[in-house]
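Okay, so here's the structure we're looking at.
Lettered A, B, C and D in written order, each chain numbered from 1.
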Amino acid sequence: MIDVWVDSIIGGLLLGLVYGLAAIGLNLIWGVMKVINLSHGAFMALGMFVIYLLFTAFGIFPYFGLVIVIGLGLVLGMLTYFVALHRVIDAPELSTLLATFSVSLFIIGVGTFVFTTIPYAIDISLGSISFGNITILGTKVATGLISIAFTAILYVFLYKTRLGKAIRAVSMNRVAAELMGVNTTFILALSFGIGIALAMSAGALIATIFPFTILSGGVYELKSFVICVLGGLGSPLGALVGGIVLGMIENVVTLQIPTSYVPVIEFSILVLILLLKPSGLLGGKV
Amino acid sequence: MKKPDISLWWITIAVIVLIVIPVVTKSPILRESVFLILLYMTLALSLNIILGYTGYVSFGHIVYYGIGGYVTFSLIYFYGINLIVAMIIGGLFAAAIAYSLGQAILKLRGAYFAIATIGVNEAVKALVNNLDAIGGAEGLYFNIKVYNAYGGAENAIWLSYYLMSALIIITLIVNWYIKKSKFGLGLMAIREDEDAAIILGVDTRKYKSLAYMLSALFPGIAGGIFFFKNGNIEPENAFHLVKSIEMIFMVMLGGFGTVTGPVLGALVYERIRGLLLINPLFKNLHIAISGVVLLLIVLFMPSGIIGYVREKIAKIRRYIE
Amino acid sequence: MILKVENVTKRFGGLVALNKVSFTLEKGEILGIIGPNGAGKTTLFNVICGVYSPEEGRIIFSDVDITGLPPFKITRLGIARTHQVVKPLNDLTVKENVMVGACFGKSYMGLEDAEKIAEGVLDTVGLKERSELLAGKLNVPEKKRLELARALASQPTLLLLDEVLAGLNPLEVSKMLEVIRKIRDNGVTIMMIEHLMHAIMNVSDRIIVLDYGAKIAEGKPEEVANNPKVIEAYLGDPDLALKLLKKEG
Amino acid sequence: MITLDVQNLESGYGEVKVLWGVSIKVKKGELTTIIGSNGSGKTTFLKAIMGIIPVWNGKIIFNGEDVTKLSTHSKVEKGIVMIPEGRLIFPEMSVLENLEMGAYTKRAMDRMQDSLDLVFSLFPRLKERIQQKAGTLSGGEQQMLAVARGLMSVPEILILDEPSLGLAPKLTIEIFETIKKLKNEGVTMLLVEQNVHLSLAITDYAYVMAEGKIVLEGTGEELERSDEVRKAYLGI
């Protein structure tokens, strides 16, 4: 019996780390730009298919393909900022919500056209780790570790580099940052690019452990909202912790109640936290 | 009470003309397409009360359409209650849920409110998925015999059509009266500056809750009619988040905060969508094209068709609102 | 006595914005509130209007304890205010803006009565020609007048004016002062915050000086104007300036 | 030599004109001050100079070069540095990180060590709190940090917008002493202030602004003796 629990906790932790990675991007974008990115899920789905194509068409092993996914995410994100967001960045939130949603429609629309909505899967194996009765798939361990590594890299970038500090400065006060000589337009675009790169790589990682369709991103986007609200909107580290909490709920709580109730719990948590403690359970800032 | 003026007359007459066309031609194809347009108009006008007048971005507004649909459908399915009674109960139930929920979530502003409404929709959808008593994830299907009480399936469809027609006219008139009333003035004050509104004496909490309640009532009834006609209801259909965004799209396209805007927006949106679906080249790309069109509107015509015309020709302002 | 503020203290975090402020206001009076930036003047208004509730103290308005009531209730009891940073309802017309004041203020009237009141008030403040314009299109001095019109339309017994003269040219200032006197003559009690000293000295019956959240002086305009404490609070201490000059040579 | 030469500047918000042709000159190595009551357009004027709001008409000449159309960050890169009203420090960053942000431009980064030495000699208290979060500093310390951060940008001209706003008298004096020190170090400055006596006491040249126009100008002593300034401020 205890094995089942340990198994679930480890599984939940590893899954939660990937969820966290997805949500970090969303949170970074909110923290710096005050934009709720409704194209997050679509970009995650894009990440899934890019890594799939790299693997099936060019034989690039998914974990190496991640480098390409990140580069592509950065470029696409910055492009999206200038095309869809720059004009409305100071408009009321309805505009940015709809602008990012229209980007999502575009990606999903073209994606459906190309890939239809049938499921795809990436067939790789890294073996498994066993101790006692517990077996953990190597791919899950790898995604968990890579998620931690990406989060760590993001933190070093935000706190130790000149550009990273500029991003934090812009998130605190855009006018003040501009007065320090920071090109804030570029920083906003860069932040969106990083957020998208994180979304796409999280999507790519998820694709290595679960089957996916072009519509899968939507589910993870909604999960990311829950995670962000749990950890505090705008706080990247909070997102990671929120992700772990959500992973735990999915894997551990389901030992006691049916899986189909998980979304009920998740979205009730979302609404309740927004009402009771909008700054999130962990409440921090960038 | 204010007397109806020209802006209400012409749009009501236009809608009535639209309603009459399938009746005169007896064309089922036209009827189906007009039914859909009327449904969209009702949804868009309802959302307009909370989004357009009050300025609260209700992103998961479709939840009330789904709730009304489920209540109506269940009442007919399990208890054989008459459609008209059932749909009114369904609408009132949706409105009651909105009112009580509004007490809590209307405290949130801006994006926080938007996310909360998405959360509400997803939570309700997930909950209904689990309620086996009302069909769970598979949903409920009418036995064809249900329609016998209404003189057969064909008559039942026509009944749905007339009920939807009546609903849109009522929604339209209510919308206009809200806009032209003291209540509406209070709502618009909240939209422009909630802090200023409360200082000016507007009981913002009460007004917001009432507006939210009203904006849930009509979608609740519309959901009842739609799923009755449909003969089947399931969570994926009833609480489809994309439909929520379509509602916002229609209000934005026509011009939010006006009475004529959402009506026009719904008409144009349904036509564009229909054309894209018919054209074989665009059929598979219609979602992507909708995305591009939406983006263009957000970026270059943020006040919608009516708003755009209003800015260009200030003189006709009072006739087109 | 129409208003009694008793020992009111308001803190924001560690900052004491109002420190045990007490004063009374007689019916029909014009009371001027002056003090340097950040002295707590606008906070005082916000506390009276119910935007903030004070940590300590009480506010009695027409024998009713209004401490901690929500702002809309206080407005309906008959207190109206204008904002230093104007808050026009941009996408409504000028007339509609004023109608909001009339509809939801002390008389809580219907739309048609409100429209009549609005037209009258707009005439008083000289915005009649602008009635049908969207409020967002007005310039700053016009927006100030709109704020005043909106507050007046609610037919208050106590009117709080927060820097209505700022940004007006001398001619406009004297016109506005006339309007303010006229309002008082119609039986409305007025409290006003103002930086334009000659104007406020001219129009007020009595003046209260705030500095760092505390009341440092109170009295007739000429008394206050010659009070060394007030001069220091406003101009900075001239002695300090001299000290600075001497020290650095 | 003229560092900053603003000619006939017009600007405003939306459709509303606030500045009606404002011209000033700031000489190199001097302290120039603009005084004026609330709402006279001083802050708008500085925002227009910095490019935070667009210039409608007129020219901004900096060291002989027309910089009217440049973006804010490019102006900072050239050495036009403003310490904004209300300080606008980065509250969640440490004192050191705030100072590093001040030295963000390439020009300033190369001289960061020198700048840090200068700043810490001027404000030893900041050195003691180098790792503290800026948001937890006292109001006076935050103002010092804002000035220090401005100096980190290696300004060719330092523009200060109401540095004494909301400060207690003792701290106000400290800020003015600092400004005086900077003047003695040869820093070119443009100061906007409400504290008439103190600013006139230390300034080389001053302008009085009212209703978006310059209504009076002269040396600090001339204006200090002028009845008009007194009248404009106190009306007595």
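Operating definition for what follows: contacts are C-beta pairs under 8 Å (C-beta built on N, C-alpha and C of every residue); 3 or more make two chains touch, one makes a residue touch a chain.
As the structure is a computational prediction, the values presented were derived from the model and not from experiment.
More C-beta pairs in contact connect the chains of C-D than those of the other pair, out of C-D and A-D. Greatest centre-to-centre distance from chain D is found for B, with centres as Cα means.
Separating the CA-averaged centres of chain C and chain D is a span of 30 Å. Centre-to-centre separation of chain A and chain C, using mean CA positions: 50 Å. Work out the mean CA point of chain B and of chain C, and you get 44 Å between them.
The set of chain B residues that touch two or more partner chains is empty. In terms of which chains touch, the assembly is arranged as a closed ring, every chain touching its two neighbours and no others. Touching pairs of chains, sorted by label, consist of A-B, A-D, B-C, C-D. The residues of chain B lying in touch with chain A in their complex are 51, 57, 59, 104-105, 107-108, 110-112, 114-116, 118-120, 122-123, 125-127, 129-130, 137, 241, 245, 248-249, 252, 284-292, 294-295, 298-299, 302.
Against chain B, the residues of chain A that register as touching in their complex are 30, 34, 36, 83-84, 87-88, 91-95, 97-99, 101-110, 112-113, 218, 222, 225-226, 229, 233, 258, 260-264, 266-268, 270-271, 274-275, 278.
Within the complex, the chain D residues that touch chain C are 14-18, 37-39, 164-166, 168-169, 172-173, 176-177, 180-181, 184, 194-198, 200-202, 211, 231, 233-236.
Of all residues in chain C, only 49, 51, 70-72, 75-76, 81, 83, 87-92, 96, 99-101, 103-105, 108, 110-111, 114, 150, 154 touch chain B in the complex they form. On the side of chain A, the complex with chain D involves touching residues 162, 165-166, 168-169, 172-173, 175-184, 285-286.
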